[in-house]
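For clarity, chains are labelled A, B and C in written order, and residue numbers in each chain start from 1.
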Amino acid sequence: MERHQRVRFYQVGSHVVGNRLLDPEQRTVQARMDRSNTLTCGHRACRGCGEALGARYVLDAAKRAADGKLIAANATGCLEVFSTPFPETSWQLPWIHSLFGNAPAVASGVAAALRAKGRDDIRVVGQGGDGGTVDIGFGCLSGMFERNDDVLFVCYDNEAYMNTGVQRSGATPPAARTANTKPIGEHLGNRFGQGKDLPRIAMAHGIPYVATATVAEPHDLERKVETAMAIHGARYLHVFVPCPLGWGSEAHDTIKLARLVKETGLFPVFEAVEGEVVGVSRIRRRTPVEEYLKLQRRYAHLFGDPGHPEIVARLQAGADRNIREFHLLDPAGEEVAW
Amino acid sequence: MADSGTFQVRIHGRGGQGAVTAAELLAIAAFDEDRHAQAFPSFGSERTGAPVVSFCRLSDRPIRTREPVAAPDALIVLDATLIHQVKLFEGLGPDGYLLLNSSRSLEELGLSDLLGRLRPGRILGIPAGEIARRHLGKPLPNAALLGGFAALTGQLGLPSVQAAIRERFPGTAGVANATAAAECFYTVRECVETPSHA
Amino acid sequence: MLRQIEGSAAVAETVARCRPEVVCAYPISPQTHIVEGLSDLVRAGDLSPCEYMTVESEFAALSVCIGAAAAGARAYTATASQGLLYMAEALYNASGLGLPIVMTVANRALGSPINIWNDHSDSMSQRDCGWLQLYAEDNQEAADLHVQAFRIAEELSLPVMVCMDGFILTHAVERVDVPEAGPVDAFLPPFEPRQLLDPAEPMTIGAMVGPEAFAEVKYLAHAKQLQALDTIPAVAAEFEQSFGRSSGGLVRGYRLEDAETVVVALGSVLGTIEETIDAMREEEGMPIGALAIKTFRPFPMEAVRAALQGAKRVVVLEKALAVGRGGIVSADVRMALSGIELDGHTVIAGLGGRPITGASLRRLFGDAVAGRLGPLTFLDLNWELIEAELGRMGEGGRSGPHAENILREVGVVAGGSH
């Protein structure tokens, strides 16, 4: 059988790589001179913070889609803390922080007020970290979904309660070290459990749109924000954001880690409409989980002499399962060349 | 305790028989006659069949007290099976009125002692459930008994009782209940002397 | 319009006249009829524009109100007891953010043990959360206070709790002059927020405040509540002018002119107290009066002092208990009377919905006047039961849960009336 070498140009399918040479219409919002800088500079995020990146990408795209008329409700957490060190703020949009567990409800309240006032031109985003979304905000999030309130809720998932010192959350992956899941005793790192798959839980609510994304692929992320903003009703976006401090990774590896988590299959990147998956972002070059894990000291206990290859194997099995269930590999083959 | 101008009613029934509604209807009827009234239930656990108590105070002056009616001037009993189960007659004085929903006689119900304590003409058993069944198709005695109450005590006129009933139960249900109340009223009036209500 | 109407229904209709734009509903006894009434009014188009949101918890209910108020909408919700506790974090958040939310609290006891009947433990537990607290004596006042509450809240940028006794008022059908739309509109102008989530003028609301500024922010919250001591009577006075009846305000005295003994209380029990006082004056010539506290937060120190300073003896009748300490209202009253010599007595009554009867009050007031009352009294307790249970505890070992033991003694478990 003849093997076709298909040259796929990543993300935009053009013959050009690099924003400056792209057709302006193909550029990301981030590449534009007129981007709104909704989360502007001067905030106190760590070097290499994936959440700051994610928030900037999401909100600039959302604000553009909303013609500048966007209101944000933010849960307590890193994003809220580093962006609003009193008396300064980095937010260039109307923004409210109420409590840790109520961001979805506050967003619903803002949306209700706008509806009562006939201002359907102003759109609402709710946002928070994995702790505020998957754990303490879960009830309010589910209520917002069930009512189909016109809110886009965005979870920036760095897989632990970072702002309080890296404690595990319902989103912490198995085997990961956190301040209260250390590699001591019977369980090395976080226990293996069922996990708490918020994107699938969101899908189970039957809401109009659910998508996952990472900060490694701004085109994909922005497109999903645009798609979401064109819909009215409850929408959920789950964005994978590395945390150098919490994960013990290098600041310059943030984008790389976001790419690897997708390429290993550990984090499926997909879209769903009304509870059905309608598209996946396929793995370009399948990567063993080790390559991803080794870059983070939160997994250091799995390596070395003798290390725990059996745990790595379990993590690999998890990734393999995702690849199967979401069909993350291109049917034409595993290896895809540039 | 009530001041001399307040008439206190206590209504006993089982959940689902309309004891709470009965108290409210009394209050609305009194309002229609430009009198002050206060109606409230005893707030027990809500479930069909459980004993329920409700209260109504009637007065020509604003009613300020809020306690449950401990010394009723009149008792309305929607369900005779309550007789030996709860302390129905507690606080009822020798001049009190008692209107009981039953087709059996008071002696048959084991209330001879009570008959002896109270004034004749103020204590009466009436088959309100039967009357209701004939008009409504269901043995719901509450509205009917209110007609009987009006006749027995003279505290309210039949027209206001009926108006309250029709306001609460729209359409044919209201008409049927109001008719049942009227039948009860006239039946009671025939049985006892009715003190005139000036 | 004068109606014979259930308290909850009167409140629902009055709140509707106040034109809230967002109403949140999470059901809890005994507030349910209020939110049900508002649902009907919104569905029928009688309250419009209004977004009626059924939410998944009380925490969500108040959070939705917070978002709505921050976006410039007049927001309302209602709760009681456990629900109030469940939104405790949000209570402090709303007052800290200066959002003029109005909430009805249908006063109900706090568990454990679970109890659905009336007392003041719920609102008393949140007395320091920064909300204003107004207490209604009857359903007319309950309705009227909501109109005043929106006005006070929006003038001060502070949330207001309107407290009305659960079941005793919420479920009582009595005469209420339900305010008409026209006069309410004249009394209550549209909501003009001081800060607003508006894309035209972006603001950041809810930033962290550190040690360098937090104390000042808190002081200002306190100062604003003290300002309410002027605003509340002013609004009450204007209400009286517009609607022709007196309701609300800070305190109300009853037959205080020559009173040597004054009974202090909040809420609906004042009706029974006044009837008892009238009887004692008429039949025994007893110089006894009452002081109704209408506004509990801010606590009207000067008004209470002025009303009580001439008395020989003060009996504070409370429907809540500071476990391990005694009275709650009494502590504030005592503070108001600082430096004044008189006999002070705390009476804890009505806990968990136990009826407060005129007969009991008569005995109690008689005891007070005769000097037979101690500093802390629990009214109408079954002392036999208490002694038995204390005895059981004293025997050592495990005594089991008090509530179940007592219920067994009282025969409630087997008696089938519950």
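As a convention for this text, a contact is a pair of C-beta atoms (placed from the backbone, for glycine too) under 8 Å apart; a residue touches a chain by one contact, two chains touch by 3 or more.
Because the structure is predicted, anything quoted here is derived from the model rather than measured.
Engineer: Which word fits how the chains touch one another: line, ring, star, complete or other?
Structural biologist: Shape = line; chains linked end to end, path left open.
Engineer: In terms of CA centres, which chain lies closest to the overall middle?
Structural biologist: Given all protein C-alpha atoms shown, the central chain works out to be C.
Engineer: Return the distance between the CA-based centres of chain A and chain C, expressed in whole Å.
Structural biologist: Centre separation, chain A to chain C: 45 Å.
Engineer: Whole-Å distance, chain A centre to chain B centre, using C-alpha means?
Structural biologist: 67
Engineer: Would you kindly tell me how far, in whole Å, the mean C-alpha position of chain C lies from that of chain B?
Structural biologist: 34
Engineer: So which stretches of chain A touch two or more other chains?
Structural biologist: none
Engineer: For chain B, which residues count as touching chain C in their complex?
Structural biologist: 1, 3, 23-24, 27-28, 30-31, 36-41, 43-45, 50-51, 62-68, 70, 86
Engineer: Which residues of chain A touch chain C in the complex?
Structural biologist: 68-71, 73-74, 80-81, 84-87, 89, 91-99, 101-102, 105-118, 122, 139-140, 142-143, 146-147
Engineer: Which of the residues in chain C end up touching chain B in this complex?
Structural biologist: That would be residues 3-4, 6, 30, 116-117, 138, 167-168, 171-175, 268-272, 274-275, 278-279, 353, 355-359, 417-418 of chain C.
Engineer: Touching chain A in the complex: which residues of chain C?
Structural biologist: Interface residues on chain C, with respect to chain A: 21-22, 24, 49-51, 53-57, 59-60, 63-73, 75, 89-90, 93, 97, 196-199, 201-210, 213.
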